[in-house]
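Here it is, the structure, as structure tokens.
Chain IDs A, B and C follow the sequence of writing; residue 1 opens each chain.
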Amino acid sequence: MSAYLARPVRRALLLTSLPVYVLLYAPLTLIAIFSFAPAPGATQPGWHWYADLLHAPDVLAAFRRSLTLAFGSSILGTILGTLMGFGLSRFRSRARSGFAAALPSLIIYTPIIMPSLVFGISELIFFNLMHKATGLFAAGLLTMGIAHVTFQAPYVALVVFARMSGLDPNLFEASHDLYADGRQSFLHLTIPVIRPAIIGGFLLAFTLSIDDFTISYFTAGPGSTTLPIYIYSAIARKGISPDINALATLMIASVIGIGLLQYAFNRQKERRPMPRTGD
Amino acid sequence: MSAIAEHPAAKGSAERTERAARAWRLWITAGPGLFWIILFLILPSLILLGIGFFSIGNYGNPHLPLTLEPFREVAGYSILGWSPGNIEVILRSLVQAISAAGLTILLAYPVVFFIVAQPPALRPLLLLFVILPSWTNQVVRTYAWMELLGPDSALSHLAQAAGFIPAHLGLMPGILAMQIGLTYNYLPYMVVPLYAAAEKLDWSLVEAGRDLYASGARLFWSAVFPQTIPGLLSGIILVAIPAFGDYVVPTLLGGGKSMMIGALIASQFLQTPNWPYGAALTIFMLIFTCGGLIVFRVMSRRLGSSEGSMI
Amino acid sequence: MKIPPRSARKLTLAASMIAAALGGLMAMAPPAQAAGKTLYLFNWQDYIGKGLIKKYEAHCGCKVVQTYYDSNSALAAKLKAGGDSQFDVVVPSSYYVPQLIHEGLIAKLNKAEIPNFRNLAAQFKNPTYDPHDDYSMPYQWGTTGIGYLKTKIASLPESWAVLFDPKLNPDYPFALMGGSGRDTMGAACAYLGYGFTCNKKSQWIKAAKLIEKTEKRKNFTGFVDGDPAMGQIKKGTIAIGMTFNGDVAECYDDKSCLNSGYLLPKQGTEIWVDTMAIPKHAPDPKLGYDFINFILSAKAGAELSNFNLYGSPNAAAGPMLSKELKTPLIKPTSAQMKYLHFLPPLAGTKLQTFNAIWTAVRQH
């Protein structure tokens, strides 16, 4: 394929692409560099700000809350999403057309295409009114968790649906012929086969939750500061400062590290032969 | 299967029970998730839209009677008379979104074709390097540009010297800073769909063009570019729509001087509460967003892109 | 049919996942009050030292969990969203107290539970924003004024003209205070001659028009709250802004803003008191009273002010205050006190009118 591109074209592509790569990483590198700024009053750069982070209870608490929220919501989001993806792929009658048939799709796509700001504000208003009316749903981790599940489930559903689309429908016929009822088919056939999609969906849900800022910001209650909210508040208060840089660098480094690890892991899997599904 | 089931009438009723069983199974699997979304997103959104028609209470709360007053406020009428401020905010947000899409297109095309020109083994890694920054948190990504664009930064001094901005001021906060922030944040969202389209490119068209002695630029525009259009459209939607309603970038880099619609809406709920007005603004934002999506669907149907594994 | 071992494992897996999901969701639900008392404090950031918190924890045998907000409107919004049943003590600014009372968010105080009330200096008792101290107790007090970078602008008159007169500052970036708008509108009113505590709609409208004109100047960078404004001045992002005297004192103290100055415009500016209040449905009001009483004690009051470098309303703490707190920055001279005013309380329709004007000013 590269034979189709002449040398000067390839060189031009390289020259114009390199600056883009630099542009993508320059700001992040700068944050990392400034995170080693010397402590106030000192002149030597060092790990001072990172050491401070380990002793900052607010940061650690925010980190813990981010993890709790992500785990809790991802589990429920994955369950709901997997069931949706499976059900819509398997049991929707293809004969029907029109609004009734398109309705589930519309519902599933709504959380995905809705701008996060509108999403967050809708939840803010809803939980506010619910709280006034019933006294439940006080703003906090619970309301954040509910909001997170709401945007995770559709993504998981899409992943599972895509995997199910690639399956041979005769598989289900075969299990039916073998007198397996619905539940047994689901447990013994479906779940093992779509397991990569379920795991992928869970990881996707987890990432979406950890990374979310806007929706969390509007549904957070007092005492439920997650890491992105903590950083945003610190920036809004202090502007640029080395301790924020240190925290940001840690977040960037972990994302890049996980990304590269996942890439290496996928390459490894491709080299091994596929494991047999089923028993 | 027994002879009873083969009987036509029995077959009809067997089919009906089969359909009923299917419907039941659909409800029991997809039902909980769909119900959850309806209860916790669709219903709240409808409430939000409804609030746009209420009057404002003493502390920003909505209450009856119903009125169109919030929409008059959106159009710019306020207690101080009419001001074009709101219209400016909406236009500014539109312009920012479209420019962000445009800039990302300019930056994405070379990168995409650069990656496509590499040996297949190298491509996933190069693509990963483009995507990785987008996995970092949006707040962190925007913060990075705050450092680079303050009044005492090198870039600001450069801009001052070149006369882009008055002396002593910084690029941040400002419109240009917002533009840079939006482009940076959403560049990977343009690269991915473009790359997906470019990877499936049918190069035989290019070869045919070359056989007909077409020049380089002509080759690109008539043989290569049209094939990337589905990816281009996806990218435009993935960039322009979130950029239009973005909240983080205008708040951190725009500095409250040049507001975008996201920050304006948020302040109606967080700072000086005015829920009906905020809801009315949100309705407008949704109108633009849905309009964009409809245009997208129409254009991609026109160009026959496959909707393969979409629910 | 006997369930083969593998399915049993899968069933247990499914069951445990569902249990985990429900458990996860419940873990995020608001916890029942922890065994052992906990004080839930909702405060501004950096407003109470860690040492003082530890002393209180030793005193009450409880744990203190502190959450932060950065503006009074954020406090009110969070209280309305359920915070009024999640916190024991909140710290609203004086001008916000009438609104919180009106909305039923804070509880009437039983002064019998706060014997240290007698420690307060006389001028802080029975204030106009809360007659008879029925709902709030003073926490710290301070002034709002103009912060500026001496390196960029050498000498400035003690006047709001610094912000509103283009001739005094044609080039350097500057900001006005955002938030609820009471300070900025007051400043505009004072500059126009109506006094900082202007209260009439016509005056507000003229002040709003002045602010709109100021927004159009090319070196205006936006609306910034008091604490971030000092941060921006330190960094040089802005050269002039509106900020609080304690913020300036803090950065003088840690030597991070030695080239900044602070001035109080003679046309009139704000003196404010941040107060402690107990939300209507606080989980442990008794603990809240205990905390308020503790803060009003002489030793705690002194330690509090020595940490955050704001003025102390606590007369009994006077002798133990550090020398920085005796400088005119924190303790304005009697001549300056003449043009320091409390913001008049606004509630009901008057507040609505003000908010409508301020919203109109903000959208550009």
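In this section, a residue touches a chain if its C-beta (ideal position, glycine included) is under 8 Å from a C-beta of that chain, and two chains touch if they have at least 3 such contacts.
Computed from a predicted structure; not experimentally measured.
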item	value
Greatest separation from chain B - chain, by CA centre	C
Between A-B and A-C, the pair joined by more C-beta contacts	A-B
Computed distance of Cα centres, chain C from chain A, in Å	35
Chain centre separation (chain A, chain B; CA means) in Å	17
In chain A, residues with contacts to at least two other chains	124, 236, 239-240
Multi-chain contact residues (two or more partners), chain B	150, 269
Chain C: positions in contact with at least two other chains	235, 237
Of all residues in chain C, those that touch chain B in their complex	71, 73-74, 76-77, 99, 102-103, 152, 171-173, 178-181, 205, 208-209, 212, 215, 218-224, 235-237, 239, 347-349, 351-353, 355-364
Residues of chain A touching chain B in the complex	1-2, 4-6, 9-10, 12-14, 16-17, 20-21, 23-28, 30-31, 34, 80-81, 83-88, 90-93, 104-105, 107-111, 113-119, 121-126, 129, 146-147, 149-150, 153-154, 157-158, 161-162, 165-166, 182, 207, 211, 213-214, 218, 227-228, 231-232, 235-236, 239-240, 244, 248, 251-252, 255-256, 259-260, 263
Residue ranges of chain A in contact with chain C within the complex	40-41, 68-69, 71-73, 75-76, 79, 124, 127-128, 131, 137-142, 144-145, 184, 187-188, 191, 221-223, 225, 233, 236-241, 279
Chain B residues within the chain A interface of the complex	19, 22-23, 25-26, 28-34, 36-38, 40-45, 47-48, 51, 107, 110-111, 113-119, 124-125, 128-133, 135-141, 143-148, 150, 184, 187, 203, 206-207, 216, 241-242, 244-248, 251-252, 262, 265-266, 269, 275, 278-279, 282, 285-286, 289, 293, 308-311
Touching residues on chain C, where the partner in the complex is chain A	6-7, 10-11, 14, 17-18, 20-25, 27-30, 40, 42, 45, 65, 67-70, 78, 80-83, 85-87, 227-228, 231-232, 235, 237, 254-256
